[in-house]
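In the two assemblies presented below, chain A is common to both, partnered first by chain B and then by chain C.
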Partner chain A sequence: MSKVAQRTGPLDGRNFGTTGVTLTPAAAATRISLRAREDGLATAKKILGFAPPGKPKSSATKGSINCLWIGPDEWLVIDADDSGLPAKFAKEGNTKLSAVEISHRNTAILLEGAKAVDVLNSGCPQDLSSASFPVGACSRTILGKSEIVLYRTGEHAFRVECWRSFSDYVWSFLMDAAKSA
Partner chain B sequence: MSFSVNTGANRIAGKGRLSPSKTVTFTLDGRQLNAMEGDTLASAMLANGIHLAGRSFKYHRPRGILGAGAEEPSALMDISRDNARRQPNVRATVQEVFDGMKAKTQNHYPSLTFDVGAVNNWFSPFFSAGFYYKTFMWPKQAWKNLYEPFIREAAGLGKAPEEADPDHYANRYAHCDLLIVGGGASGLMAAKTAAKSGKRIILADESASMGGWLLAESEATIGGRPAGEWVTETVAELAAMENVTLLPRTTAFGYYAHNMVALAERVTDHRSRPDPDLPRERLWQVRAKKVILATGAIERHLVFADNDRPGIMLASAARMYLNHYGVAVGRNVGIYTACDSAWAAAFDLQNAGVKVTAIIDMRAAPDPDLVEKAREMGIPVRTGSAVTKTAGKMRIRSMTVEPIADPLSEKFEIDCLLVSGGWTPSVHLFSQSRGKLKFDEENGRFVPDIHVEDCASIGSCNGTDDMDTALAEAVAAATAAVSGRAVKAPKTSGFASMRGHLIGSAKGAGPDDHVMAFIDFQNDVCAKDVRLAVREGMHSIEHVKRYTTTGMATDQGKMSNMHGLAIAAEALGKEIPAVGLTTFRAPYTPVTFGAIVNHSKGDLFDVTRRTPMHSWAEEHGAVFEDVGNWKRAWYFPRAGEDMHAAVARECKTTREAAGIFDASTLGKIEVVGPDAVKFMELMYTNPWQKLAVGMCRYGIMCREDGFIYDDGVVGRISEDRFHVTTTTGGAPRVLNMMEDYLQTEFPEWKVWLTSTSEQWAVIGVQGPKAREIVEPLVEGIDLSLEAMPHMAIREGKICGVPTRLMRVSFTGELGFEINVPADYGRAVWDAIWERGEPLGMAPYGTEAMHVMRAEKGFIIVGQDTDGTVTPQDAGVGWAVGKKKADFVGIRGLTRPDLVAEGRRQLIGLRTKDPKVVLEEGAQIVADPNQPVPMKMLGFVTSSYWSETLGHSIALALVEGGFGRKGDTLYVPMENETIAVEVCDTIFLDKEGARLNV
Partner chain C sequence: MLLIHCPYCEEERPELEFRGAGEAHIARPANMAEISDADFEKFFFIRDNEKGVVYERWRHIHGCGRFFNAARHSVSDKFIMTYKAGEKKPKITKTQIDAVKPPAKGTPANEPVWTVGGKGEAK
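Showing the complex of A and B:
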């Protein structure tokens, strides 16, 4: 047996800052694509420790686990710590819900600063005012030509989730937008 | 009268709002000139006594500056900072002068004042409407050699820059409660009223300074304050409010469905040394709950003989140049009008010390107060009269005036003639939003009638001429838009009346057919051209427009449309509403491609997707090919190798030892749930019920029509969980099609789909040494033939990280596809490489992969199939479950056409000369000596040199191909005909001995 393989994130080593906004690659996290209907929610609640949110654009959080509403039967679960969610879901089986690990499919960029909304609105057509998209709001949407999941973590802080191979584009787009915002 | 020396002899000290202490320097055709900060190129030229701004498009006639705003059809210039930052056809009336700006006049050779192209003017009787249609009819060959090159050379105004645009552009999506377009009196009043509500307001105005025509006023007051001060105060008040976004230099150019309005903001075009990080322009895509259009009105010129001489301009423009820029447009100024507002220009100029030579009013009895005031000021007045002739080559020198009912004429020496045919409400955006217009007969104009979008038109764009009424309208519309409390609009005084108009041609514009009385300055269209078009049978205004090109230039006929329409209506003997207006289209004014493309240039033009192992391939000299948005390693040339040599070596090494291949781009979908197998049965032609857990199967997916849509290997992870792979390019559409069936046809099924394409990095290790290489790195999986036969899938660990290990082969060799979580892809690849390289393993790219799969007769969907190929046609009919009751495409496959004899079927081809490699796409015939057009039997889909076999191989779709094995067919090429023999699609190891080891 050779040595254990080490992780290489697609945005490792990058960082960017300009007046009004900074970009940082998010730390690795456990992610689950959770799919369930009404009858699967109890199981999901048991595993997560809280009920998945039921309203569009909303999220729920407990401890290290964030659960983002993506669609009527779809959630993106992000666990900043490795609290063993994939194993817990695997134990419950696939009869009531589907839990697919996508920890490596997605990567995330943390966008912070007073101009964060302007930067995002360079490529995201949604209304990101605090009234329409308050802290805790989330949405699967687009940024330029890439699909993203946008999650507002603070008044001036967002987590931008995207697929791994789109991250270079999303990072570059945000950088270009930040410079001209 | 005192003239400032610094920024032009025609600058009037104490007039205007620009600061004499701030000056800039620019060049005009190489000549250095000074201007004040805030000057437009037009005001700076006029201050320096320059009216001549270029040559016209068709006749190369000297042309001047006509207006003071966005409607300018005439003064189009070439503006640059440097060689790459150059833009032709910039309106001098809009371009702000910045330090170091280079301006050039256009459309002349060798110089502006002596232009050989002006010969067109002498031949103008030949360039009648429809000239091109009539003249270049024959001979046919002359089109290619003579007419087209000539027309192309002569076509277009200005010269496009040849260097790449070094500037960058930005985009901003915005949402607001109220978007107000236009920052004139009405727009500012609406913003001021609505802003108090705290709701989100965006106010956009195309000019550098808000205020619109208020900036042209001298004596007028709003709420007892001078209009200019009211503007400054209101703008300051709005700028200080959090909920208000003020966008000067921003043109609303497009009004789309659901109150989506596109704006173009010019960010740096007025700056001398812009911050390189700033975008040149920013596109705003605004979604507004309500829209208030306060787009104002545009003054029309008058149509009379030689009405295009430099020095002839709009009366409103002269007033703007005087009162805002402090510039006198001439020293002996004539006025020719059908509208009251031009009189105000005369009075202002005379008051500023400019001699007004005469006011010519077409109307028999204009407002007696105006006439009386002119008399008091000592300005000669001619009523019921028309200007019938002008003289002056590079600048107007005189005008000839005749009473309309009388042939007696008198001549006035002038150096500038101000004209006004009245005002055209700017209904462009309202019309773009599909709002309906109505014709206001009394005032000769179209005004908004029925709106479609949630918007309101206020002020002069709504035909409201009186300022008090306009402000009341603004307050009412703004209050309604934000559901605010009604307030009283301020009282105003001293605004000029906008009464009186003329649309169509005046005396002196014809009806004879050689008078040059221009309607459209930019496309050089005269009144006579419209009359001719009607005589020649164009009865619809849309036809007249296209036949004469009136209103088809970049100004879209902002000044000319009403004149053209009225002349056409008169010639047709119809009422104006019966002839109708042409449709307004976006953009309102030209928009740069840069603004439209904005961030999507260079690397951001499109997404470039790279696999986790991309960096390794780069380090090892891979040449990449684009597959969809992916960069895939195509081949790995070593020193001295061309592609052919590299691919041959990669194939040989893989078949003799081992090859390592990055298959990460394959689409992957996790199908999970109690109904997963039922769903797989539906989506794929194959049977899945009996597929054992831990085993894989090659699946074919059809569309309803029975044609192959995608293929891939599917592994069963558990009873209710499948690991589905798709083609690289097919990944998104396969998932979409699956979701479509699930959501629309079988919503009650308990099965869910998740794309895992990027969760897994996929490392293919293929070749006789594959097991030897991989085995020591793997934990918890027995790789032996007995424990893990071909088409098995196992879960375990490799290099200490989780893996889904598949024993599959697209090469025909013993092979594994190692799926690891993507972030581990590079590290696991490195470990395998470290182990495999000493054993003779080489990396191979997509080209070698294509060759090796073709040697085994494996199809590539999209290359060997084209959307008209069934599984049977492709020779994979075995993958269609014979006992299945249903699957997508089952009915399509029974259509008579799809089971008929003589369908194109996939077969192998071997060239009689083994060294000849066929061209993919080449056609195949049975008899090369038959007359042309030959009967095509089919075509080559894949063709390669096989180093392993020592001869070329090809796959082809050929009519009745399965029945032609052993036949000789022909591939006619340009210089030779290649004989081929039909053979089996499997060229190598038919019995699969290499696989079962």
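Showing the complex of A and C:
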């Protein structure tokens, strides 16, 4: 009989590689926009299994879950496996924190290679040197005309989170930058 | 590129991540429904627009998302300092102002780079 509906990602099927850098659409992931003040942090810690990082531009990881500092009371949680985070947050109620599932609002592009920083810096004005943006650092910033969340996963590897509807633009921007990097 | 110190990110970040948001320290009247039209106009529309030190709200919109305040010189456009929203208006010293003042008229740095002579030629 017929298959059930299949969800497709906005960048499915794309791939790009050139000397010094490759672009790959990231696999689907659960994402949560987490907002919490002081008194909501304990609950967040209980659900995530670790405390959301408190320092600007820093991230924390445990198992499949990454928690990225976005602002003083805002985090982006990315879960590569489906460990049921939205349901767990829903169960705790929303009185002391807000957890909004944005799994399908965002998509991500994985950028890897020795030229990764050069490619990003063609549209992102931040200092991405290892000293100021080390492995594990993350930040909401801009790339060209689009807002992104940048997460450094390795010395030469970045995850570029962007809104789904901007992903075509971000992909093309990175591809053009890679061609001339 | 202009670098702006975000008090929440605790570092200088490129201006492209920020958006200006008008004059700071404007208290919203608690009795909004009762104030006269003239008072409302004063609160809502009338701004000081000082020439010199100005206090402004800024938002790190493409960063941490937070609003914060800044003391800035409106002629040189230079920042004196930034501070968190809700903090008191800081006292700015003469030394701080002198550090961001535009160069005085007649000093080389204040002269336009290109001037056009009487016969229309660039000098």
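By our rule, the second predicted complex is superposed on the first by the 178 of 181 C-alpha atoms of A that agree within 3 Å, B and C clash if a C-alpha of one lies under 4 Å from a C-alpha of the other, contacts with A are read in each partner's own complex, and residues count from 1 in each chain.
Rule of thumb we're sticking to: a residue touches a chain if its C-beta (ideal position, glycine included) is under 8 Å from a C-beta of that chain, and two chains touch if they have at least 3 such contacts.
What you see is a predicted model, and the numbers here were worked out from it, not measured in a lab.
In the superposition on chain A, A:56 contacts chain C only, with no contact to chain B.
Within the superposed three-chain model, A:141 lies in touch with chain C and out of touch with chain B [touch as defined at top].
Look at A:15: by the touch rule set out above, it reaches neither chain B nor chain C.
Once the two complexes are laid over each other on the shared chain, residue contacts for A:71 go to chain C alone; chain B is not touched. In the superposition on chain A, A:125 contacts both chain B and chain C.
A count of residues in chain A touched by chain B and by chain C gives the higher number to B.
When the two complexes are superposed on chain A, the residues of chain A that touch both chain B and chain C are 125-126, 132. Those residues of chain B that touch chain A in the shared complex are 168-175, 200, 277-279, 282, 285, 287, 599-600, 603-604, 606-612, 630, 670, 672-674, 676, 718, 720-721, 750-752, 754-760, 776-777, 779, 798-801, 820-828, 831, 834-835.
Remark: chain A residues 1-10, 18, 28, 33, 35, 37, 73, 93-95, 97-106, 118, 121-127, 129, 132, 144-146, 163-166, 168-169, 172-173, 176-177, 179-181 touch chain B in the complex. By the touch criterion stated above, chain C contacts chain A in their complex at residues 1, 8-11, 13-14, 16-17, 62-66.
Looking at the complex, you find that chain A touches chain C at residues 56-57, 70-72, 74, 125-126, 132, 139-142, 147.
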